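Structures follow.
Common to both upcoming complexes is chain A, partnered first by chain B, then by chain C.
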Partner chain A sequence: MPSVASKQYPDDVSLLVLLLDTNPFFWSTTSITFSQFLSHVLAFLNAVLGLNQLNQVVVIATGYSSCEYIYDSSLTSNHGSFERDRTGMPPLFASLLNKLEDFVTKDEELSREEGNEDRTPSCLLSGSLSMALCYIQRVFRSGHLHPQPRILCLQGSPDGPEQYVAVMNSIFSAQRLMVPIDSCYIGVQNSAFLQQASYITGGVHHTPKQLDGLFQYLTTIFATDLHSRGFVQLPKPIGVDFRASCFCHKKTIDMGYICSVCLSIFCEHHKKCSTCGSVFGQSKLDESSSVSDKKKKASQT
Partner chain B sequence: MPQVKIIAKNFMDMVASLPAIKLDKLYNNVFICEAILRSLPPLAKKYVLQMLYIDVAVPATVLEEWVLADGASKHRVAIDRLIQLRIFSEITDRKRGTSYSLNPTFQNNLQKHIISGGVLPREPMNSDNSIKLPSLQELETYALKQWERFLLQLINSGQGDKLNGISESMMKIFQRGLLSQRDKDGPRLTESGFQFLLMDTNAQLWYIIREYISNAEERKVDPADLISFLLELSFHVTGEAYNSNTLTELQKNTLKDLEDLGLVKLQQGMKGNWFIPTKLATNLSVSLSDSSARKEGFVVMETNFRMYAYSTSKLQCEILRLFARIEYQLPNLIACAITKESLYNAFDNGITSDQIITFLQQNSHPRCADRVPAIPENVTDQIRLWESDLKRIEMTQAHFYDEFPSKDVFEAACDFAREWGGLLWEDSKRMRLVVKSEVHNQMREFLHTQSK
Partner chain C sequence: DEDDEDEGIGEWERAYVDDRSWEELQEDESGLLRPIDNSAIYHAQYRRRLRAGTRIQKGLIRYLYIVIDFSRAAAETDFRPSRIAVMAKHVEAFIREFFDQNPLSQVGLVSIKNGVAHTLTDLGGSPETHIKELMGKLEALGDSSLQNALELVNEHLSQVPSYGHREVLILYSALCTCDPGDIMDTIQKCKKSKLRCSVIGLSAEMFICKHLCQETGGLYSVAVDEVHLKDLLLEHAPPPPAIAEFAISNLIKMGFPQRAAEGSMAICSCHKEVKIGAGYMCPRCKARVCDLPTECTICGLTLVSSPHLARSYHHLFPIAPFDEVPALSDSRKDLGKSCFGCQQSLNGAGNKPGPCVTCRKCKHYFCLDCDIYIHESLHNCPGCESIH
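Moving on to the complex of A and B:
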């Protein structure tokens, strides 16, 4: 059996899976509009495709309650030129924009049906990450020479703590596949998920300061192929937010209880682990910590 | 080394060697800018991309900060290449030191390309048109068949069906260097000709195209125009039909030649002529040496030196004949054996054992290719052994010294030669020694100083 490495192209051929944040709750609050943002991103995709004939780009839209493949350069290259006649747009991205529009309306309907008012306005990162990994896995298994894959998350929405387990699992499978997850966070807060994803998988995390020059940030940092990363200066992480979410209430916590059998995380003491069913003993710390729990609750309210 | 190697360098080396004015003219075409960008080393690509929207010159010191210390040599290679292709222009300022800026035409074109995507000067035919397009599979078989026919014609010029487009004189040009013309026993393949046959298709194609371009001036065709057309062709979509009325007279003529090489397929329709680029054409500008065009192999090599080739192609048979004895031919199978005599024959023709072994490895049948090693070890070892049998004697140019005045001078001379790594043989009794001729000059000077 030839190993994975030997089936890759020797040069800088890359497969870029871009996760595009289309969360309307986020885009209603930003300084640049979604269309401005898209024009930066499309130029960036064109640039990546221009760098090598064999480069491949896949775009996955990450919405509020769903996600979908909206563009695959390996599929559209053959009949893209026909679409230009109808819409008058550059051939490469006419289909992308059409699909994106469909996706956004569909996503809106879905989120209306859901009607969950309490949820944080996050995007479905876990879903799109899994889709990206599935795509990459398929490329790996296709048997031919394949380009070196990497994932780039372009996200502005805050983290959704309820997705913690799913996101972490995706990150670990990316780590095992040796697929780096780059992340470009364009929101106001910091995203612990993205920081951890890039840190664990050896990708680059960066938060651009000026969104007007997004294209320059994208080409300077995120257009770097894996082959060149060995000798190019890239931003180093300053600090990584390692906080986890608890399994019981999906809150992001600094300190909590951990099941000694399955390592599940809880924000308060339980009699029994909800994941593996182990029964916890009555610990000595219990009384003292319940006091501090009460204190915490008091300070929160 | 006495061996003549055919160097199949890539397209861009040829572009880089064009004079400056021609090069600037080439950059007016968006597709050439794009093709050139693709051919650059990874780091150079990154620099171009990074500087695409910077209008002022960037100081060299800033550029150096973009790379880590390990990448310094790669950095220099990238910068050299960019300057060579006139993409970067170097500005030396006494105060601020060296700085670089992008070629404005190149920059403009690339900016346009990145924002709006490339638009070819001609539209592909709509699919609802009356002509039936060949499928990708058919097109590929067509391309390979055409290419094989061309190669057959190339190696035994007398036989085979005649090609319609490429003239006798063109063929002569291609054969120059590959065949040696001897009046007595007809044309024979030269060493480089044999090596040419063992190269993969992309490398062969590139060799022919290079000859075609370098010969352009004799046909009163501007090589720059030819290069720009070929590069443009490589951006057309494989399997789509394009109207040939959009081409200039020169390009139409070129197309006819390219059809013979299997780069395009010409079709006549109701509303004029169409051309359909094949995979060979679209792979032209790819910088990778062994790209996705890797074919499925057909050779099964056994440990008893017998070889079974599942092929119907006459050309493959000819190639195998270069180093193996064909025993019998079935409709879809060629059975042959590698023998000492057949290999000596190959070595005589200047083929090396490594070339034979790589050829066997590259073309081994998928079932064998999965095995490690694909070619049985005893066979590869034996091929190498037979080759080294022929090379028992090694020739080295040397000088012979004797009649030394004293033992001391002799010893000193021996030590001197040893220090320079040139001592081949010494006879201390009769004070004679043999030294490589590279060291002869130093040796003579040394002996002069000794005798004074």
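Moving on to the complex of A and C:
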């Protein structure tokens, strides 16, 4: 249950859950390298943590074959001293980078085990969204004193249509918990999932044009906490296309036919639903009696 | 005298007058008070509910009438501040929850006053209309008549398309019913027209209500206090198991309107006012409507958007319940220490393994709270979604 009493915490404290796309199929096609991208992201995370002493950041990596928690700023093991370690990396993010490297290696192994499948090279957005929501639900359970959570999807991979139902479930759950899902899409085509997610949950969606300036986009648009968004002009939601696509041809339709049993969408009239097998215009009683009639006839011949 | 007592008590104290929280305390072996562990009780309740709801076909397109008994019994104050106020508050919450879980369904309101049943609102898909009408007419008078309510609802629901599931939910406060004819005939009529009647009683169990529910395949329950009433009401929000013969499966023609262009001006068909910009255009007759889902007032086409349909998909693709892992099993030793979903430690007090659950498909471990959240709200297993 969302807690309205989070007003007992200062208004502008946020918990940012960052879903980081590490899909190797996407990163092999971009102009910016993954390490350059990471430097923008780390600087952005530092900025968020610097805005307020109580801010928290959680990073979940969204891979091709797996998802994992990479970093949680509230864990005391991450509160290192401010001396740099021997490689010169500030300890604040040394653990993040180590875990990320381990994750990417493991993810690569898992994808190799799967073999070459004929599927769009998408990342497992539904998995990391579900994990993020479970974490946020845990924060809500911890009592009245908690920061205001939001989710930021930093993604470039295209949408995987097989994840549609799971992503929609996550979006509706986020809507009920009143957790906005912001999305920053750095890929080539448009991501309908992310647009819908941000529109339905009241988050911000943006597609940066120049990836060299990613840090600037991140800090000016996505670093604002929820309370301050009322005073800042953020990119407005453009009209999202909510038309459905038919199950038979996958083309977007204006008007269609819906099966009253399983809600499958068809573009033309059929006698039978291909998803649930219900015969249209006939009640189940008639259906079962006609089947038994056929059986009797078959046994008689 | 009760009035004298109440004068001396402040408003905040009245809330605690009937509160018997000492009955919930438990003692352990040495006589010391044990902290109340609500989470285990809550989880056990939730597991019981889960066992009941297995993979059955559900009636997704529902036409539900809510019948509220506004007879003099509704003015009783055993539910604080009065039965009417509590009923109105919970029915409002129920209506919102109902449209959230069943976006393609419609609701209508009927009240029973002075022995006569009145239609408060006709079947419609907008929660605000129903709630406004309900809140405007809160007064209790006269007798209650179950038969008149059933006849009225039956008449209304006979005009509903055959693919929809016809349901009635009756909130009954009275202990008797004053009917003009034989209520058994009415019950048989309801049974024949495939109307599923459920009753929630606020006073005591009545034979006639039980008989009605048994005959029509509905659910009868009696509320013992306000919280119980809310729970019983919300039990009717998710789609009930579809009795397959009740609704004829059919292809329903629906429209998926696009947003009207920014800055375009049109007279909207719902408010009859000039509106600029935001709104939707019916694909068949090009009339403008303000909100979805709705029925186009001009050509009658049902207009929805794809998220409305997607809200019901989790009923069609439910996730399997998780298996409980006993705290002392051998497999606990090799398992990771934290819940896969929320990263909370799975160890209980004193670093001993606490209760947890596991998913059969992805074999990940989850804490009890994530189990409840995943099955009641999220409908996705994070473990299964994180693998291929």
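The rule is simple: the second predicted complex is superposed on the first by the 221 of 301 C-alpha atoms of A that agree within 3 Å, B and C clash if a C-alpha of one lies under 4 Å from a C-alpha of the other, contacts with A are read in each partner's own complex, and residues count from 1 in each chain.
One rule holds for everything that comes next: contacts are C-beta pairs under 8 Å (C-beta built on N, C-alpha and C of every residue); 3 or more make two chains touch, one makes a residue touch a chain.
In this text the structure is predicted, and so the values were computed from the model without any measurement.
With both complexes superposed, C is the one of chain B and chain C in contact with more chain A residues. Judged by the touch definition given at the top, the superposed model places A:223 against chain B, while chain C stays out of reach. Shared-chain residue A:51: touches chain B; no touch with chain C.
Look at A:173: by the touch rule set out above, it reaches chain C but stays clear of chain B.
When both complexes are overlaid on chain A, the residue A:233 reaches chain B alone and has no touch with chain C. Residues common to the contacts of chain A with chain B and with chain C across the two structures: none. On the side of chain B, the complex with chain A involves touching residues 34, 37-38, 42-43, 45-46, 49-50, 52-53, 65-68, 70-71, 74-75, 110, 113-117, 119-120, 123-124, 126-127, 237, 239-240, 285-288, 291-292, 294, 370. On the chain A side of its complex with chain B, the touching residues are 1, 9-13, 43, 46-47, 50-54, 77-78, 81-82, 90-93, 144-145, 215-216, 219-220, 223-225, 227-228, 230-233.
Only residues 57, 60-61, 100, 104, 163-164, 242, 244-245, 247-259, 262, 283-284, 301, 305-307, 309-314, 316-317, 339-344, 369-370, 373-374, 377-382, 385-388 of chain C touch chain A when the two sit together in their complex. Every residue of chain A that touches chain C in the complex is listed here, in rising order: 65-69, 72, 110, 114, 117, 124, 126-128, 130-131, 133-135, 137-138, 141, 163-166, 168-173, 176-177, 196, 200, 239, 241-244, 253-263, 265-266, 269-270, 273, 278-285.
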